[in-house]
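Note that the chains are named A, B, C and D in the order they appear, and that numbering of residues resets to 1 at the start of each chain.
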Amino acid sequence: MNPYQTYDAKILEIRELTPREKLFTLRFVDSEANKEFKYKPGQFVIVDIRGFGEFPISLCSTPTREGYIQLCVRRVGRMTKYMHTLKEGDVIGIRGPYGNGFPMEKMEGSELILVSGGLGMAPLRSVLWYAIDSGKYEHIYLLYGTKSYEDILFRDEIIHLLKHGDAIGCTVKLAYEVESPSCIYLERGFSPKVCKGVVTDLFRGMEFDVENTYALICGPPVMYKYVIKELLDRKLSPGRIYMTLERRMRCGIGKCGHCIVGTSTSIKYICKDGPVFTYWEALSTRGLI
Amino acid sequence: MVTITIGEFTRVEGNGEADIIIENGEVKEVKLKIVEGPRFFELLTLGRYYYDVPDLEARICAICYLSHSVASVLGIERAFNVEVPREVMLLRELGLLGEFLESHALHLYLLVAPDVFGYPDAIKMASKHGELVKEGLSIKAFGNYIREVIGGREIHGINVKPGGFGRYPTIEELEKIEQNSEALLRFAKRAVNVFADLKFYGAKAEHFVATNSYLYGDKLIACDEEVFDYYEHIEEKTLPYSFAKQSKYKGDIFMVGALPRVMLKSEQLTPLAKKLFEDHREKLSQGYVSLNNLAQAIELVYALEKAKEIARELLDKGLSCENVPVEVQEGEGIGYVEAPRGVLIHHYKIDSKGNISYSNIITPTALNHAIMELSLYEEAKKNYGSLDEKTFVQRLEETVRAFDPCISCSVHLVKL
Amino acid sequence: MLKLGVFELTDCGGCALNILFLYEKLFDIIKFYEIKEFHMASSFKEHDHLDVAIITGTVSCQRDLELLKRVRNNSNYVIALGTCATHGDVQGSVEGSIREKLEKVYGSRANPMKALDSKPIVEYVAVDYALPGCPYDKDEVYQVLMDIAKGVEPPKKDYPVCIECKLNEYECVLIKRGIPCLGPITLGGCNAICVKSKVGCIGCRGPLPKEANPASEFEILKELGYDEEYIRKKFKTFARGELRW
Amino acid sequence: MIILRYVKLPSENFEEFFNSLKQWGEINAPVKQGNIYSFKKVDSLKEVSLDYTRTMLPPKKFFVKPRDELLKLKEGKWEESNGTKPVVLFGVHSCDIHGLQILDKVYLDEPVDIYYKKRRENSIIIGISCMPDEYCFCKSLGTDFAMTGFDLFLHELPDGYLVRVGSVKGHEIVWANEGVFEPISEEDLKYFREFEEKRANSFKRSLNKEGLADMLDLAFESPVWKKYEKICLGCGNCNMVCPTCRCYEVCDLWVNAYEGVRVRRYDSCFMESHGLVAGGHNFRPTRLDRFRHRYYCKSYFDPSAGFNCVGCGRCDEFCPAKIEHVKVLDEVREALK
């Protein structure tokens, strides 16, 4: 089997989440491939636009809902810009899934705190719905920091959970940076779950059982340090802090060397040793975050 | 007074225009203007170390970059009294022949042939005369191949150095050159037939100037049998309306290029080229500038025959691939080379550290500027009033194209 | 079909010519492009709108500048092609003001033809893609035009000439022959063709953006015995004053 | 009949043996090219420089090519580029054999890189003994002697070679060429030991690997990095020639209007874009970061494969700025004290 070969996947649906991000719902053309494609929250795939190039994208759908996969793609450069010009019915290449993903089984029965900033919502959405659908977790907190109302990814889902989440064991908290009528409307409606500020502000007043909680973080590089501080301040063990990271990568399978991090004492490949790491690993691997 | 302006000639290399000044219903004067911005190559090389100069000079023109490199190298070598072995000279000749093939093929097949068959460009001509265009392209591609092998790149290679080369060609490359020269020869013969019945137009050249050897030389020769250095008899003057300078030979208008070469140096032609020349000698000696194209076609034959001959000689003798050491000393030297469009002169003075202290470059299009203007004048005079304006302008453009003018190199001088 | 125009300002003609040297690959290009203009043709009308315009050469006279602005204003995607257009090339590096230069060469400070100091087009207008090289590698322009035709932004090179030199396993002339080579500080993409000829890179593709370390290159060349003035001139041959150390 | 791990190849049979290898595949051996050596296809022993120091590109180039066409785009689908032909790498030094084994760890690890694997399976490695020059420091890293990773290894003797057989294929070659080999004598063994001893004493450079990994980690802020940031050109030459460097970049190229190829080429961690991610964040924004990263990567010790450096000295020989690997590490260590 050639690991660099990609499988035809058809775009079933395209949703514009924000002006920058689109959600692509895909299904493998080959039914065998559909059956064989098993993934975990936190894993990613390599999208192949044949003749143009490849790029890694996190799976943002949940394996609990079968028959399709979803990718949330932000338009940042040449490939992603092209991806945004595709139409429903177009076929692209997909290979994967790659990476370790979050240890969902291990966390069963515990409380989950999902901390997400910006596009970090993409991989965490997979966790979120996996956890809700499976019902195997005690409670789920989603702390989501967004720039503005327009930037909220999966806005309908977030608002739905703000309204009805508690009933299904999921508390959503939202922090926004740029004030707008929509935000103020949200804040009024869902106070104190919605506030102006950054994601760390959402920790205010939060207590949790450090013996029975896991934190899962994904966001822009600058966010990790501050979030981890909040968690450590509350004495959450570094082993219970999971974060998913991003590096440039070409192969996704530990060959191309781009995602190597660490120093002489520890070399890790984000693609195959991660992208999910515990904070212990960050402590022993310089440069991880 | 009315002025008809021919804005930017098309299908010539570089940017040129002409003003036809008409007074009392008669053509009074023609001004050939080079409107391409000046590039100041003489200043660029001032103070530069001799070794880097040929690479810079190559950038004067892409079509005949190798002629510039070789002229520059010859000038520098003469300043230092460096003698290079026959092998190096032959390889340089081979490179220049490649340039003849590339440039003549481009000019004849893509730029002039459409005039001959009455098409606006080669692509439209290709529908009817596809074979011919293809043949031209294959000669051009082969010429480029030689330029790549000898010069280091199709355009602006930096392999030609004072004292020799960076890299010498391999046996396989020389063999390929020999074989392709042979194979393309029948295309070139056909070209001679195509351009043999060209109309006479333009001025009639009174004086021809060329280098004493076919492809290069240490002196210039003229049809009055004078053997001379350029500064003795060629005078340059600047024009208020053009970035190009104009030259006169002993005060007279003269011509350089393929026609002067075959006329002055026919004994040096290779057998088949010589025969073809003899067949058309009478016609060519009429001296009309339009005949330059026929001479170019004959030169295609010459270049292929000669390239084959050189490749064979080098293959038989084997290459030693050794450069001659260059010792820096104060000196002055002139390099004369026959670029495809005519005599090219690079004149340097070099100081004791090896830096250029004086440089003068005279390009063929500059040398031909006066006769080009004269040709336009005569053609305009002959046709003004009798042709409608569109055909009139077209005729004048054709006249300019006969020269294979190259404007980039004229600055100091006309583009495609 | 995309409408394509090729325009030439002041240069040696090489960058436009090099497109013709694509030979049979030109036929691939005309599957996607309709060539509206090739070489300064007077038929260019201001209302002609182009999808892609290729501009080569430097702005060296008033005419160049006017043409450049007209093309920019009438084209969606402008490619600055060749080192003249992207960095100024050799004419851009001639020192002195235009009048001084005119006086030295033409013997008069008069400037009836409205010559300007040669500058790259990127100094006057914004371009969508810059592809340097004196001339550029012809496959590069092929890839760029194909990518644009297919709707994807062409990738940009980010490595020095040394990388391609090594990929081809050419003997390093700087280390092994003491020949001054600007490979380490020059943007790659030419396949290190000059080193193939066993001569040093003269930097015709302009400096490697951001990463280049000309200061160290300077020291290396000095160590090899080249004088500072020589190195300084060498550095600025194609890219005017862009390499600072 | 000789079925032994050690046999002797007498000088007079050497050429015959060499020629017999052609039936196993295309012979590639070190050839002098100007002032460097390069593994090239050879037809006769005359072309080979057996006393070479090191080739510029390591034998890695046969398994991961500098420019490697992976897939061909035909009618919107990727087809595999194939065509692996058997090669015999003749005259590989011990350090390079170790280098290949480090690459094996990467490329043969699941999921297996099929291109690498096919080529590896289709190759025969014939090692040859060498004398260190001023750049070699393999001894200090323990890569100066290959125990595995080759099919045959030739050790120089005054009148031929002592041949170690390292694989089944190696045995097959010896078997098929029975007539050219002889059993080894006591004297041959004696000379072999002497040669190895002489070789061991000829190293001029050695890397102090004592606690190297931790030492470096502690030296994250070392002023030595700052010093070298100024000297380093960031040209990537060291990466390109290293037998263990393996970063590659992938790009799709058009071959005609509708067909393309996906090509990978060697990349270098000295390139600005290497640590750049979406959003414009660069994990190794300065040359200092990139310079240090290379030393960290090379000095990483994998318990099952050793250091990511085999001490071949290529990075030193081909660094235009004359930066010396061992010296940098020594200086970092020194500055820590």
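Brief remarks follow.
Rule of thumb we're sticking to: a residue touches a chain if its C-beta (ideal position, glycine included) is under 8 Å from a C-beta of that chain, and two chains touch if they have at least 3 such contacts.
What you see is a predicted model; the values in this text were computed from it and never measured.
Among the inter-chain contacts, the highest number of C-beta pairs connects B-C.
Work out the mean CA point of chain A and of chain B, and you get 66 Å between them.
The mean-CA centres of chain A and chain C are about 43 angstrom from one another, to the nearest whole unit.
Taking each chain's centre as the average of its CA atoms, chain B and chain D sit 51 Å apart. Between chain A and chain D the centroid-to-centroid distance comes to 40 Å (mean Cα coordinates, whole Å). Residues of chain B found to touch two or more other chains are absent.
Residue numbers of chain C whose C-beta contacts span two or more other chains: 147, 155, 198. Residue positions of chain A touching 2 or more other chains, listed in rising order: 51-53, 77.
Contacts between chains, counted with the stated touch criterion, involve the pairs A-C, A-D, B-C, C-D.
Residues of chain D that touch chain A in their complex: 70-71, 73, 76-78, 80, 106-107, 109, 111-114, 212-214, 216-217, 220, 245-252, 254, 260, 262, 264, 267, 269, 273-279, 281, 283, 295-297, 299-302, 308. Residues of chain C touching chain D in their complex: 25, 28, 31-32, 142-143, 146-147, 155, 158-160, 162-163, 166-169, 171-172, 174-177, 181, 183-185, 198, 210-213, 215-217, 219-220. Of all the residues in chain C, the ones that touch chain B in their complex are 8-18, 20-21, 23, 38-42, 58-61, 63-64, 89-91, 93-96, 101-102, 104-108, 110, 112-113, 115-116, 118, 134-135, 138, 193-194, 196-199, 202, 204, 229-230, 233-234, 237. Of all residues in chain D, only 33-36, 38, 56-57, 61, 66-67, 230-237, 240-241, 251, 253-254, 256-257, 265-268, 270-273, 287, 317-321 touch chain C in the complex they form.
Residues 147, 150-155 of chain C are the ones touching chain A in the complex.
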